[in-house]
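This is the structure I want to talk about, given as structure tokens.
Should a chain be cited, it is by its letter among A, B, C, D, E and F, assigned in written order, with residues numbered from 1 in that chain.
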Amino acid sequence: MFAQHLPVLPIILPLMAAPLCILLGRSHLAWLLATLVSALSFVISVDVLLTTLEQGVLSYAIGGWQPPWGIEIRIDTASAMILSAVTGISTLVLVYAKESIAKEVDPSQHTLFYTAHLLCLTGLSGILSTGDAFNLFVFLEISSLATYTLVSLGSDKRCLTAAFRYLVMGTIGATFILIGVGMLYMKTGTLNMIDLADRIAEFNGNRTLKTGLAFILVGVSIKLALFPLHMWLPPAYTHAPSAVSAFLASTATKVAVYVMVRFIFTIYGAEFVFHTMSMDILLLALAIVAIFKCSFMATVQSNVKTVLAYSSVAQIGYMILGISLVSSVGLMAGLLHIFNHALMKGALFMAVGAVLLRTGSVDIKAFQGLGKQMPLTMAAFTIAGLSIIGVPLTAGFVSKWYLVTAALEQQQWVIAMLVLLGSLLAIIYIGRILEAAYFKEPSELTAGKDIKEAPMLMLVPMWVLVIANIYFGIDTSLTLSAADTAAQLLTQSMTEIEAAQ
Amino acid sequence: MSFIVDHYNYWIVVLLMMMGFYVVIAANNLVKKIVGLNIFQTSVFMMYISIGKVNGGSAPIAAEGITTYSNPLPHVLILTAIVVGVATTAVGLALVVRIKRAYGTVEENEFEDKEDLI
Amino acid sequence: MIEIISSVFLIVGAFFSLTGAVGIFKFPDFFTRVHAASVTDSISTILIIFGLILRTDFDLVAVKLLFILIFMLLTSPTASHALAKSARHGGLLTLAETRSDKKVGDD
Amino acid sequence: MLVLSATCIAILSVMALALARALKADTVYDRILGVNMFGTKTALFIALMGFLSGRPDFLDIAIVYALINFLGMIAVLRFFEYTAGDENQEQEK
Amino acid sequence: MAEIIDLVLLGMLAITAFNIIFIKDLFTVVMLFGIYSFLSALIFVNLDAVDVAFTEAAVGAGISTVLMLGTLALTGRKEKASSHKTILPLLVVCVTGAALIYGTLDMPLFGDPDNPAHQHVAPRYIEDSPQEIGIPNMVTSVLASYRAFDTLGETAVVFAAAIGVLSLLGLPKRDRATIQSGLKSHLVLRVVAKMIIPLIVLFALYVQFHGDYGPGGGFQAGVIAAAALILYALVFGLPMATHVVPPRVLKALAALGVLIYAGTGVVSLFLSANFLDYSVLAEDPVAGQHIGIIAIELGVGITVFAAMLCIFYAFAGQTERKNIQ
Amino acid sequence: MNIWSTLDPAQLINLTIVVPLIGAAFIALFSQQPNLREGVSIITAVVLFTLVLAVTDNTFSKLSMETTWVALFPGLEIAYSVEPLGVLFALVASFLWIITTIYSIGYMRGHNEENQTRFFFCFALSISTVMAICFSANLLTLFIFYELLTLSTYPLVTHAGTKEAKHGGRVYLGVLLSTSIVLFLLAILGTWVSAGTLNFTPGGVFTQAHSDSLVALLLVLFCYGIGKAALMPFHRWLPAAMVAPTPASSLLHAVAVVKAGVFSILKVVIYIFGIDNLSDIATTDVMLYIGTATVLLSSCVAMTKDSLKARLAYSTVSQLSYIVVGALLASSVAAAGASLHIATHAVGKITLFFCAGAIMVAAHKKNISEMVGLGRKMPITMIAFAIAALSIIGLPPMAGTWSKWYLMVGAVEADKMIIVVVLTISSLLNVAYLLPIPIKAFFNTPSGDQPAWSWSETKEAPLPSLIAIVVTTTACLWLFFYPQPLIDLINLIPDVSTELKGRP
């Protein structure tokens, strides 16, 4: 009966569960509800993903109003793939959160935490599903507001300034997107993405549209923390509660990358962005600088969460690099990396959260000797870390492989080499932590404390992600076919143009 | 001349936006930042409403004897955007209050633990 | 006929409000300025709203105008009063007081 | 119509003057006074504009203006009580 | 005439904004921001966007300003002079501004009826919505039916803001009624407030249910109703207000409103139509639309009222706390 | 010899990789019972050797052995297929593993090392990866296990846990990982993108259609990317890794790591570029001369080192470059020599390291200058040392003779007389830095008032170690007299032959 409504459910289920959490009042009930709803959304998104692989794009007219008059939910393989990752990670993080939050967040705020988490999930699902440019802005703001809240729940007072910085930057970004969408609307008279794409094709080289694109790209770049607009990210991820860091690092910025892909490939068309405006060179340069600068920053931090946060910015560089290569393989690599990076960063932040729970600190010194004291947690950290580095047989290797392949296909040897050099920096910053964990004696921070392994509720989701890292590093058929289909669909117009020339 | 007449509205709106934007990024005081953010956003709303205006049109509420209406769509969008704006303002101000309590100041350059960013 | 009466109301109302505006610049101390503002506020509101009511068909619009009038007549003087009281409470002095007792600062 | 326009312009100039007062004031109370005057005149102005554009059913907005102006005034007075102790009368010009 | 008014208002806006940049007294800055909102709302009226003006006046000049003032009461009203960083921001602003000006060069003419924005999607809203939806206010039609999903998102945003503020500041406890606060020395004010607050609530109800025909709707009504209680709290003190509307109830109400809205959409699902398709709510599609719009406007109104008041309570609770200490 | 003949040939490959893993698991299981643990080690090693023998048998009977684990990407699998060069390497590695295990028992116990379980565990792991490298069917599989080998030997290098060991470990990991990721992987990807396949194909995967500059670039990337081959200037890791316990060093320098490097280069040259095409590539000569420069330079450096292990390390760098040079000479005979050198150098160098370790355990001496007169104390060890040194130098009747001979012949065939000259000079340098050690040990008397030598003074290394030394020394001699099985194996490699062309 609900089969045709499935595309809309991942949005409205968490949206309705959020107020229910408030009405339930009790935190463990809220936790149960949030987890169940999130899991249900995950099941639905996977179903939707499989449907898109079979049938192509799913379109759903909200309110029965046909686009462009009404708002359309439009899910293609790219959105479904990231949607599955987001809902999946959300479920795992919620499972994980129960123990983690109990330590890091005041009990009176637990219900609010789950509510905000569900709202954030609503926003992210909405961004991924919607086919309307303005609707995207609305959902972006839902997720952003919930995110500010989540970040500010951290136990360190610095989370407040981090959240504020995030709020100001995020709002500037959203407003820039709003300006851009306004310019699109004034030239085309529509907000539906497909309709926009059709109409934009008529104006080549229009100055208003160019400016609109510039504003949208800058706005989205803030949201996705593209260098040099990433300043908000490291403090936010460092001081947020661990469960929040794990969720945001693996989903929020990825969704913003998706938004960028949408605007570039679906709405404006790669032709306009990369040929008329030559954005590829700019993006490429920024991506490369991001990879090196932020990887380097990651190697000199002492707070492990900061290390991971900078690593996130660097990894976003890889995704943008894939996009800026302007090829189907490059885009595919970018999408793959969005998915894979979600798996690895989620696991890493979860492991760090477990360490915080047991040692009370996330300084690199607290990690010393943990290889023996928390073997399962550190093993998870190690495997996920190897995945970040891009070691073969992990998910990270697959996306890097395609990224370099894409660069080499265009004879960009230098870029290919830079990508690989970036992995070396990853070796250093992950290696430092592993060295502390396995080859150093416990420091004064943890010496004398009886440090136990993390509780089951934290270990299970962590290891699910770790196993996913290995699984998707070995059996790549699902991710590859999804990313390939998605990239083909997105670059369709591009290949048609190339074929015509 | 007609070029100016046709665009002056946008230009002044751009000027307003930029004044707000400047306050956001240059102000040291967090409350002022929020005020700047509001000015910035409100000015963007003006741009949208300018898009919706039709010369000789009237407010988009159907009434007898009126044939031309201004475009209702930007109005709808901006209604939503205003709400988003106030929501952000509220959360931002709440953060400011908490920051004041935690740090004893709301001046950005006075936080004792400024992080080494960028 | 009604049109003319209405116009007279409007013009007089506009005149009063202009005088009020001049008053808040020209009057010597705060309390006199409040006086200028609030008195002209009320009278010009009354006049202008009446002027407008005369231009309606005495339907819902007129009722709304009346509502505005009542509302403004209630709130505007109250606000002025509260402001003046606050100012007094906060230590602001009239011009005469300032002249007679120079020692008292306004803090 | 001409009278309406003229009244409009008159009210507009009053608004401008009130604004000037709010910007350039000796004491904070003068500012508040300017703001208050500005608010009430804006409400009137909206009512006039409704008539000017031939859509008098926008008077609702004028009501909102009057209401919000009052609310704002009360809020200013209320919260000014808290901050007045913090600092002395402003001196800048 | 409209152009002249437009120009004068824009000029005043520019002056206000310019002063906001330089004035260091934050109290004044916030008041000027109130003026800025008022002025921009006037511009919206002048550009025929009455619903937007309604909202901007209520929200920008009303709620935002009150919240800012409340914050100032806690953080102090002086901005300290900052010696550093003016060049870089100026540069960023200039570049952004230049980009925008560049963008305006190809913009469609201001107010031209032949603009693409008025030619593609909008005509259907203008021409068909009175028949399809059956209500004269096209903004309400678009808001509540064609683009109801946006509005659902908007409601969620308000709810999220309430959640955010609550998690940051917490709600005041109800048992502080013993402490006298409010503007207790202003007797006239207390009397007048008692008279007008019912009027405001009445007006809010009018706006709620008249939104189909005139400017207004659930959102504006919610804000106005909240404004009434804010006024009450300001004049008679927060403890009194929390006795009238307890914070816990507000929290539940905010959640309930979202549920009403989304629930309306789910009802359509069960009646085998698409999400938020109201046509199936009654025999006649137009009547169904009307029922749906009333239902969701109610949801919006409840959420906005409760959320706004919640937020105010949270801030006021903080000032109260400071006052006690 | 084939006790596994009933087994499916494809399963044999899986077994060679899995058996050491199972062994590792049992080693970890028996961490508390040293005897059981080391028993498992030896049994695993023996079983593995029989498995490899079975594979060899099948290779001689031209039985094709292939297996695929998973398809990582479309057209790219983790797959194995047996070819003669890999079999040769596997034979050497699995045989020497037995010996090394025996030796380690003596060494580790004699030295009272900590974390012995970790040591044996990692040892088994690295052998498993070496087996996978031997039989990998494409570059990706090779690369994956190449990296795993680096990682699994890292704990061996840092075994001591001292600051110095960690520093050595860092250099080891740093150089090997960075070269492999930045250059090797890039080269693999370049090959993949341009040739569309990574499978090892007799005759190479590049065709005329590929641009010359691309192929030339790839060759350079491969030669430097395979950092385990220790081509200068990426040789630093090898001396740095000397901080490892001696059995690990012998594993690194004779069996697993360095040989995996040169083996990879040989494989790439033979199966990716194709020996016949090599001479058309512009950079072949450049790399060839870098190889010869490495041969000479590292020999010179070796002479300056007083630490025995460091000297041996530089000697290894030098000897590895022989193999690289042999691979790059674009001559089938030279390639055969290079392949043979894998085996002969392995037995020679492992003996030398065993001896060094024995000296450490028994006499606690690290530096050559302290070894004067040691021959009287440890006669068996020092005799073994002398024999192995002669083998490395390439003098008959030691195994090294054959590989050097074929290398020389290859150089002549390729018409590169300069290489012949360099190889000769290098042999002289070998003499200069290796022979003084046994000479000093036997013929010089320690200065000062040391008493004269007597039998009672003899204090050899523990028995297991001594057995190991004797076995490998015997192998050095044995391979001179009976090299034929290995040569037959080498002749099975496509395009590689010990016969000169035109003279069948």
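By our rule, a contact is a pair of C-beta atoms (placed from the backbone, for glycine too) under 8 Å apart; a residue touches a chain by one contact, two chains touch by 3 or more.
Since this is a predicted model, take the numbers as computed values, not measurements.
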Hypothetical removal of subunit A, resulting connected chain groups: B, C, D, E | F
item	value
If a chain touches subunit A and subunit C alike, it appears here	E
Maximum inter-chain contact count - chain pair	B-E
Remotest chain, subunit F as reference, centres from CA atoms	C
Most widely separated chain from subunit A, with each centre as the mean of CA atoms	C
Chain with minimal offset from the mean of all protein Cα atoms	A
For subunit C paired with subunit D, centre-to-centre distance based on mean C-alpha positions, whole Å	11
Separation of mean Cα positions, subunit C and subunit B [Å, integer]	31
Approximate Å spacing (C-alpha centroids) for the pair subunit D, subunit F	89
Centre distance in Å when subunit B and subunit D are each reduced to the mean of their C-alpha atoms	20
Residues within subunit B bordering two or more other chains	17, 21, 25, 30, 51, 58-59, 61, 63, 73-74, 77, 80, 84, 87-88, 91, 95-96, 98
For subunit E, residues contacting two or more additional chains	50, 70, 72, 74, 76, 100, 104-105, 107, 115, 117-118, 121-122, 125, 147, 150, 153-154, 157, 160-161, 164, 168, 183, 186, 189, 196, 203, 214-215
Sites on subunit A at which at least two other chains make contact	134, 138, 141, 145, 148-149, 152, 179, 185-186, 191
Category of the chain touch graph - line, ring, star, complete, other	other
Which chain pairs touch, all of them	A-B, A-E, A-F, B-D, B-E, C-D, C-E, D-E
List of subunit E residues in touch with subunit A within their complex	99-100, 102-108, 115-122, 124-125, 145-150, 152-154, 156-157, 159-161, 163-164, 166-168, 170, 251-252, 254-256, 258-259, 262-263, 265-266, 269, 272-279
Residues of subunit E touching subunit D in the complex	1-2, 5, 8, 12, 15-16, 19, 23-25, 27-28, 31-32, 34-35, 38-39, 41-42, 45-46, 50, 53-54, 57-58, 61-62, 65-66, 69-70, 72-74, 76-78, 182-183, 186, 189, 193, 196, 200, 203, 207, 210, 214-216, 220, 224, 227, 230-231, 234-235, 319, 322-323
Residues on subunit C engaged by subunit D in the complex (per definition of touch)	6-7, 10-11, 13-15, 17-18, 20-22, 24-25, 30, 33-34, 37, 41, 44-45, 48-49, 51-52, 55-56, 60-61, 64-65, 67-68, 71-72, 75-76, 78-80, 82-83, 86-87, 90, 92, 106-107
Residue ranges of subunit D touching subunit C (in the complex, touch as defined)	3-4, 6-7, 10-11, 13-14, 17-18, 20-21, 26-27, 29-30, 32-34, 36-37, 40-41, 43-44, 47-48, 51, 56-57, 59-60, 62-63, 66-67, 69-70, 73-74, 77, 80-81, 84, 88-89
Subunit A residues within the subunit B interface of the complex	134, 137-138, 141, 144-145, 148-149, 152, 157-158, 160-161, 163-164, 167-168, 171-172, 174-175, 178-179, 182, 185-186, 191, 228, 231, 234-235
